[in-house]
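Two complexes are shown next, each including subunit A; its partner changes from subunit B in the first to subunit C in the second.
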Partner chain A sequence: MLKHELTEQAGVVVLRVQEENLDALTVPEARLLVEQLVERGGIKVVFEMSAVKVIDSSGVAIIVSLFKRLRALGGAVRVAGVAGQPKDIFAMLRLDQALPIFPTADEALKGF
Partner chain B sequence: MASIVTLGPQDVGKVYRLDAGECLLGRRLDCHICIPDQRISRRHARIRREGDGYALEDLGSCNGSFVNGRRIQGSSRLRHGDEVEIGASRFRIDLSDDMVAQAESTSVRITQDTAEHTLNMIEVAHLGLNLKQGLAPGTGKSPSGRPIDPARLERKLQAMYRISETVASTLDANALLEKVCGILLEVFPQASAVAAVTFDQRSRQLRTQAARRRKGRETPGAQPTMDISQQVVDRVLRQGHSVLLRATTDTPIGPMDTLVIKNPLLLPMPDGTVPPLEEGAVGWRMGAPLSFRGEHLGILHVDAETALGYFTQDDLDLLQGLASQAGIALHLIGLHHRLLARERLDYDLRLARQIQRNLLPREPPKVSGLDFAVHYEPAFHVGGDFYDFLWLDPTRLAMVVGDVSGKAISGALFMARVTSEIRFAAPVESHPRRIIQRVNRALSEVAEDGMFVTMVFLSLDLTQQVLRFSNAGHTTPLLLRGGRVTPLEYAEARCLPVGVEARVEVAEAQVKLQPGDVLVLYTDGIIEARSMAGEFYGVERLHAVLERSGGSARQVLEAVLGDLDKFVEDAPQADDQTVVCLAVSEASSKRFESVLPARG
Partner chain C sequence: MRDGESLPLKFTASVPGELRFRDLVGSMVRAVCLRVERDAGCAGLEWRLMSAYNEAFNNIVEHAYAVTPGEVEVVLLVDDDEVVLRMIDHGAGFDFDDAGASDQVPALDSLSEGGMGLFIIRNAMSSVTYERRQDKNLLTMTKTLSECAAVSSATSHGDPRC
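== the complex of A and B ==
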């Protein structure tokens, strides 16, 4: 299973990914996790990924999928802790145009 | 018998035994299980004994080893039925030592007999008769050392000849075994029933694939099925020995060794005569393995009732010889079918690739003053990368290079959709930013889940050599001018990938090209190509090789690919790779021939 930690604060689910690679190999499991989140009705999610050192397009696809599905349910996703290679990828993809990105999970939680 | 069974996609059903110690899986030819798949490392993983079981250990492979869909860290203990996956290859672990127990469920008495059968068995191999040698030509003696009766010898040769003929003429296992059964009835006049039972390695089931009864011995209406006892399975299928048995109705079955010692007279005497059957005996039975190089495929089974006669050692030798011929044929038939299946799969993938290639331009456009070079290499037969050239009008050439998230078939299908949307949108909108917006609107409705597409869309005005472009999340185009690389990166001209949000705002950037300029477009499969050590090729190396290069589009492209090849060595290609180079030789250029109708 994709290593992760789930906590809940005031109706917001914080999903802390604890994998260094978010790529084609970890994604099938991440997909399952996203399904579970959505099923549980956790429609406000902070996706905390400071542990992620390398992300590829399938990893991004998970975040995009989470974003689209939660928005369809009237929810939202905020991303926190993007650094290094993932930060470059996020910049290339201009993901900030769709996703609010915060330095830390605490900041993402403020006013969510 | 611990084993690992190949589930696919190649060598389906091939079984490797695990009891020989370590079993190495990888791309290298000296691996026990050698799989020529780029995604598999040279020495990828191994299965080794651990305590009284087995464990799978990943040997630091690039793409990992999976047990039941989960990537293992280091080593993972294997259980019966576990599914192991490396690259595209899947295997099932079989630790069952209870093949016999499974076979037992199919073990019933001969359908015609009313009396309960129990079997006394003599395992001939235990008595020093080496049946594996079969016929010993030229010695004039059978393997048991008795002189061979010329009439019997002729009968054997005839039978062997007929079997070989049959074997050569069929590629269908059922037909083959039906014919073999027919021959067995002819060759053994004393036989009342014959059967060919095959063992399916995947389901571990025994199946009566062909069976015949001598005329006048059938039960009306009954299926000519014949099942097989546990001991026959045990001795013939597991150990590969031929057996000669005598079936009685009343002798209790004891441990095999005891039986052999207690009833030595059940074997034919050295002079070929057979001891009279005891009270209560109902018949004789022979079984020989259908095998090929130690792989046991099934059993040839011959029964005789007392009224018809008995079997001798010679009969068993003959059956063994016939069975080994039939075993070779069965193996070849299996091989043939596996090859067919693989060819079909290859054919499907080739077809998919061809369809995709047809969606991409066959060759770059011909424009005086410009030259193009394209490299397109999907990682898995069909890919998510794409590129296209479109004429917006006779003086404006559009180019697009993109990458669909998701690989193989799903990526390729979505790619087909994307390219058709682009071709539809381009003549209507005619400006890069608006084309991107239009394609994005169409695709964000249909893009499933996390699917998205990065693309850079450029239009070149040939009269002015002015390049305008917008970039939806794609890698930055590079401009090589005077030995220096300039990334064509403008924040306003960059937006989200297509398919994420229905509305995107993006501007267009513009550059005037000069003679000598080379424009390089590429996908992330280039900069994310990894070396053997797992390091990314990276954009810096790409800049460096471009600065050392120059000349025609082809020369620049070759320089990049050469450098990339040197960097990755033999590391597997994980992602599609596309490079499009455009070199400018004149201050203004012109389309060579117009196939567009003049616009009214």
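== the complex of A and C ==
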């Protein structure tokens, strides 16, 4: 299973990915996690990924999928802790403008 | 690279076209890039080259070898001006110009994994060419170091991109 931690703070689910790679190798497991979150309906999720050092298109796709599916259900996703190569990829794909991105999970939780 | 070394330096490796072997050769690509970064003062080269390498390897496994698995050959050429990453497989060919050819950033609602991979490759590298030669697919991805050097001064202003 994808190394991760799920906690809940003030009604917001915080998913901390604890893998260095969010890519084609780990995404099949991440997809299961996303399905579990989507099954809960229109919830709010902070996707914390400061441990992730490398992301590829399949990793990006899983985040975008979570964002779009929860939004369609009336929920929301905020992304936190994007740095290094993932930050470079987010900027390349302009995801830093399309997704709500925060430096830390604590900052993402404020006013969510 | 350092004085006294015969250029271009060539590094080659061949692995089965399965995702579990991607990082074995990726380690070689990463190590070479980090050395070039150090010697050329070129920040961000490793991120860009590794991003392109991972996407290209994924595409080979998922598309070229979707039906019949085979080998992936990786050739890395390094000289004072550029790093060339060539990836060769013997799987099914594809229309490179039609597949994610757009230079436009994909809109969030139309973002697909396949198109995104080629978009990342094209944008991470200075130039990308694809050839179908006999039964081989040859994807040649070049990063010009002057691009890195020109932007590396921006790293001190918080721009990490190569």
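Everything below uses one rule, namely that the second predicted complex is superposed on the first by the 110 of 112 C-alpha atoms of A that agree within 3 Å, B and C clash if a C-alpha of one lies under 4 Å from a C-alpha of the other, contacts with A are read in each partner's own complex, and residues count from 1 in each chain.
By definition in this document, a contact is a pair of C-beta atoms (placed from the backbone, for glycine too) under 8 Å apart; a residue touches a chain by one contact, two chains touch by 3 or more.
It should be emphasised that the depicted structure is a prediction, and the values quoted were computed from it without experimental measurement.
Once the two complexes are laid over each other on the shared chain, residue contacts for A:Ala61 go to subunit B and to subunit C alike. When the two structures are aligned on the shared chain, A:Leu6 is found in touch with neither subunit B nor subunit C. Of the two partner chains, both subunit B and subunit C are touched by A:Leu25.
In the superposed model, A:Ala51 lies in contact with neither subunit B nor subunit C. By the document's definition of touching, neither partner reaches A:Ala76: not subunit B, not subunit C.
Touch criterion not met for A:Leu33: it reaches neither subunit B nor subunit C. Judged by the touch definition given at the top, the superposed model places A:Gly84 against subunit C, while subunit B stays out of reach.
Comparing the two complexes, residues 24-25, 56-58, 60-61, 64, 67-68, 92-95, 98 of subunit A contact subunit B in one case and subunit C in the other. Within the complex formed with subunit B, the residues of subunit A that make contact are 1, 24-26, 28-29, 56-58, 60-69, 92-95, 97-98.
Subunit A contributes residues 23-25, 54, 56-58, 60-61, 64, 67-68, 84-85, 87-89, 91-95, 98-99 to its touches with subunit C in the complex. Residue ranges of subunit B in contact with subunit A, taken from their complex: 63-64, 69-71, 403, 405-407, 449-452, 454, 473-476, 494-497, 500-501, 504-505, 524, 528, 574-575. Interface residues of subunit C facing subunit A in the complex, by the touch rule stated above, are 19-20, 22-23, 44, 47-48, 50-51, 54-55, 58, 61-62, 105-106, 108-109, 111-114, 116-117, 119-120, 123-124, 160-161.
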